[in-house]
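You will see two complexes here that share subunit A, one where it goes with subunit B and one where it goes with subunit C.
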Partner chain A sequence: MTEFLGPGEPSPYLYDLVREYPSRAGKGVRPALLLATCQAFGRPSDEALGAAVALEMLHNAFLIHDDVEDQSALRRGNPTLHELHGIGLAVNAGDSLAHLAMQPLVGDRALSTRLKERLVAELLMVVRQTTEGQALDLGWRRDSVVDLDPAAYLTMAGKKTCWYSTVAPLRMGAIIGSSGTAQLHALSRFGFFLGVAFQIRDDLLDLKGGSGSGKEPFGDLREGKPTLMLIHLLATAAGDDRRWLVDYLHAAPSGSSSEGACRVHDLMVRYGSLTYARDFAAAMEVEAHRAFGKAFSTVGDSEHLGFLRGMIPYMLARQS
Partner chain B sequence: MTFARNPEQAGQQAQAVQSASAVFEQLLEEVEGAARGEAGPDQPGPALTGHSSDQPAGDWGLNGLRATVMQSLDLYSDLLRQILGLYSDAVQGSLERNRGGRQEPAHDRVELSGMAGSMATARLWLHNTTAQALPPTRLWLTELFGHDGSRLALAATFDPPTVEVPAGESAEICLEVPIPADIASGTYHGYALGLGLPEAAAQVHLLVTS
Partner chain C sequence: MTEFLGPGEPSPYLYDLVREYPSRAGKGVRPALLLATCQAFGRPSDEALGAAVALEMLHNAFLIHDDVEDQSALRRGNPTLHELHGIGLAVNAGDSLAHLAMQPLVGDRALSTRLKERLVAELLMVVRQTTEGQALDLGWRRDSVVDLDPAAYLTMAGKKTCWYSTVAPLRMGAIIGSSGTAQLHALSRFGFFLGVAFQIRDDLLDLKGGSGSGKEPFGDLREGKPTLMLIHLLATAAGDDRRWLVDYLHAAPSGSSSEGACRVHDLMVRYGSLTYARDFAAAMEVEAHRAFGKAFSTVGDSEHLGFLRGMIPYMLARQS
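On to the complex of A and B.
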């Protein structure tokens, strides 16, 4: 990424900002999935580097805008970009990074024209799915929608998180590794279940908070984010509890408080919403393991396949 | 991996997987539908296929072979694309030169300069942009005219005196002009012409200095 985000002017207003999130240590889950999938399908990782860099740059661009949209104060343990430089410059830096993300792929000399066209289409689909998922999330919050079901949550999570975090890296890696001949349905299914399990765990992790997570504790509860736990709570809470919860969500995020977020958490514990979400995530994890076998049934065993297999517990057991 | 604690939990988890599977299939159909829509209603979407175009799982060695074949085809495809691009550029350049030669012959200009009494020399090129060889052709220089109506008939020599140019090739010719000792300083204009080449004419400018 450093190569594509080199020095440029105006540096203090744009390129320093563009480099900010990529310079903060992230987990690199998406490029790791993409590169390992390419290698599992038999091609060297350098052929997939351009695509991996493009996806990671796009991820960082999403994070900049996501932080503005969610009014988050912290990202990877440090102040968010808009906290440091203001909303205008942060949004502009996100725009720039999103467009610069195409560069490593379009200019990639290691790939044929046909593969590049397919990969650019995949990257554009990432933008489409992610922004659609984000629109559902933000729209539901703005309108304080309280009658969502798990299928609605899965649709939102599938678009907003799974597609660009797990499905697209697997698909893009396989396209490069197999020169476009790989089966993508089974890979996509594996990515979807892994991504859903990851998102639910991530939402559960938010309830722990603390400095280790790099996020504010109960941030999702204060924002009224439609998590699986909240959807379950809205469906099971009764009487005054539900009435208070609906009022709380109508007031969020501006009218929410730490006390209110703590009360939502207590209700989630009391009504079994946390247990429900944990069990749901566990079912997704079991299905991800099943889908993994089918997804990679056409490739031989290798250290790269072992790495990918190991990504399931790594992603789902992580504490930060 | 986590397992269900009781039958009720197992039922809930099975329902969760069923619900998630339905959402996944709908999402994938939406993605592939979008790709098909971009490709046109009668064509399968080549860009984002993963479901409808899937081949049945087979021996991974065979899949590796398919990948290698596709990679080779890609290489040849890109090579062919580059060759066609270069050929297209060359044809376009040739056409532009051809068109320019017929319509704007005056842009071919030969510059000569020297003092009165000296010898002026210049080089000019004859480009044969046709598909036929140019037979031996003699070149000659018209009279040169001054702004005041003065006329100069110079004993110009071309080396070689006759040129033969194969189809699509060019020939270099040296023009030598003795400048009379008694002419006034100034610029004189004329043409270098080829006998039997009515379309070919190169402007000749002679600058005489004192």
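On to the complex of A and C.
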């Protein structure tokens, strides 16, 4: 990735910004999934390196714009890019990085033109799905939509999180590893269950706060983010509790306070929203294990398949 | 373009926004240049239609983010997208449109895979150049850089305006029209002179204000935009005039007022900055005419070539 984010001018107004998030330590879950899937389907990982780098760069570009759109203050334990450089330069750096992300793929010499065409189409689909999911998330918050159900949540999370975090890495890895012959539907299904479970755990983790997450404590509650816990709470809280909650969400994020966020959290504990979300994520994890078998039914056992199987507990048990 | 921006969900939070700017009347200068160049090089315009649509969509995506980055209030006579829907949804819609813009090109059946690869590389180069130019523009403003010279201005305008407005339409049209055999350097040169002259005239037009431009009166002066006139004024204004101007720019855009903008304008008149910029644009126009001959020296005369020649006075004399 460093190679594609190498020196360039203007450095202080653009490429230093473009390199900022990639230089902060991340877990690299997406490239790991992509490379291992390629290997599980029988091709060496270096053939998938361009695609893996492209997806990781696109991920970092999303983070820059997400932080602007969510008005987040912290990312990976440090101030967000727009906090450091202003909204204008941050948005521009995100645009730059999103398009630089295509470079490792379109310039890849390890892949045939036919495979590259398919992979570019996958990357464009990732952006389409992610922007649709982000639009739902932002739109619901802006309009303080308070009558969402779990199905709506799954649609949003599927688009906003699963496509670029799990579905696309699996699909792109399989396309390369199988030279375009793999059936992708079962892989998408596995990716969806894994991604949803991952997102719910991530949202639960945000409620624990602490310095481990690298974000503000209770950031999601202050932003009024439509998590599964919040959707559950809105559906189950009664009387004054629900009235107060609706008012709180109408005022968020500008009018939200730490006290308000704490009260939402207390309500979530009291109404069983956290337990509900934990159970929901556990059910998704069971489905992910089931879907895993089908997704990789055509490939033989290997250390790479073992690694992928191990990604399920790794991604869902993580503490930061 | 309408076909690629057709119905889709979520409509109120994404695709309605994506369609907003394209639905406002524009002049279509970029696709006109691209299609006519293709025809001048000998291929029918329908072969270049996908590329022309892609570039026009990318242009509209840039406008969305530009307006956020410049904190502009009006675009084509109506409120900007972020004024209508907030910064978050507007940034997200720009991301969506920028990637949808690749679709008419990568899905184009009129072009060979080899030509498509070259055209995708051209589009990615457009984004690279445009984000670099935008970074200079924004960075100079943020840091109130007051010692710029015309060479710095040409670098910035070349990247920010010329690449996507003139250089890329000419290059992409020629690539398609010549099936990849055209020499592109002379076309880039012509595009650069045409684009710079166009940008300077556009900046001069902004100072005339009025409802014709579809933007706020004196918007550039209030934003502290580094135009050729401002760079000239900073280099020539003396004593109290320059001290006041520097203070004004340090306060812009948040601290700028109509009175302040009027005073900058008066100074520009008094120090000959407007005349300087008009002369500069006229010189660029002369160079554009000269470069035009070389750029199209290998193609025979045709109505399309005549149309392209006519684009020089058309683009540079426009009143809105």
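Criterion: the second predicted complex is superposed on the first by the 320 of 320 C-alpha atoms of A that agree within 3 Å, B and C clash if a C-alpha of one lies under 4 Å from a C-alpha of the other, contacts with A are read in each partner's own complex, and residues count from 1 in each chain.
Note that contacts are C-beta pairs under 8 Å (C-beta built on N, C-alpha and C of every residue); 3 or more make two chains touch, one makes a residue touch a chain.
Predicted model only: the values in this text are computed from it and were never measured.
Partners subunit B and subunit C fit side by side in the overlay (superposition on subunit A).
By the document's definition of touching, neither partner reaches A:K225: not subunit B, not subunit C. When the two structures are aligned on the shared chain, A:R19 is found in touch with neither subunit B nor subunit C. With both structures placed on the common chain, the touch criterion links A:G180 to subunit B but leaves subunit C unconnected. In the overlay built on the shared chain, the residue A:R75 is in contact with neither subunit B nor subunit C. When the shared chain is aligned, no partner comes close enough to touch A:K160: not subunit B, not subunit C. Once the two complexes are overlaid on the shared chain, A:A151 sits against subunit B while remaining clear of subunit C. Applying the stated contact rule after C-alpha superposition, one finds that A:R171 touches subunit B and leaves subunit C untouched.
Once the two complexes are laid over each other on the shared chain, residue contacts for A:T113 go to subunit B and to subunit C alike. Contacts of A:L89 after superposition: subunit C is touched, whereas subunit B is not reached. Here's the short version: in the overlay, subunit B gets within 6 Å of subunit C at its closest Cα pair. Common to the subunit B and subunit C interfaces on subunit A are residues 113, 117, 121, 128. Interface residues of subunit B, counted against subunit A in their complex, comprise 1-4, 9, 12-14, 16-17, 19-24, 26-28, 31, 34-35, 46-51, 54-55, 57-58, 60-61, 63-64, 66-68, 70-71, 74-75, 77-78, 81.
Across the complex, subunit A meets subunit B through its residues 41-43, 112-115, 117-118, 121-122, 125, 128-129, 150-151, 154-155, 158-159, 163, 171, 177-189, 192-193, 196, 276, 279-280, 282-287, 289, 294, 297-300. Here subunit C touches subunit A in the complex through residues 8-10, 12-14, 65, 68-71, 85-89, 91-96, 98-100, 102-103, 106, 113, 117, 120-121, 124, 127-128, 131-132, 134-136, 138-139, 142, going by the rule given at the top.
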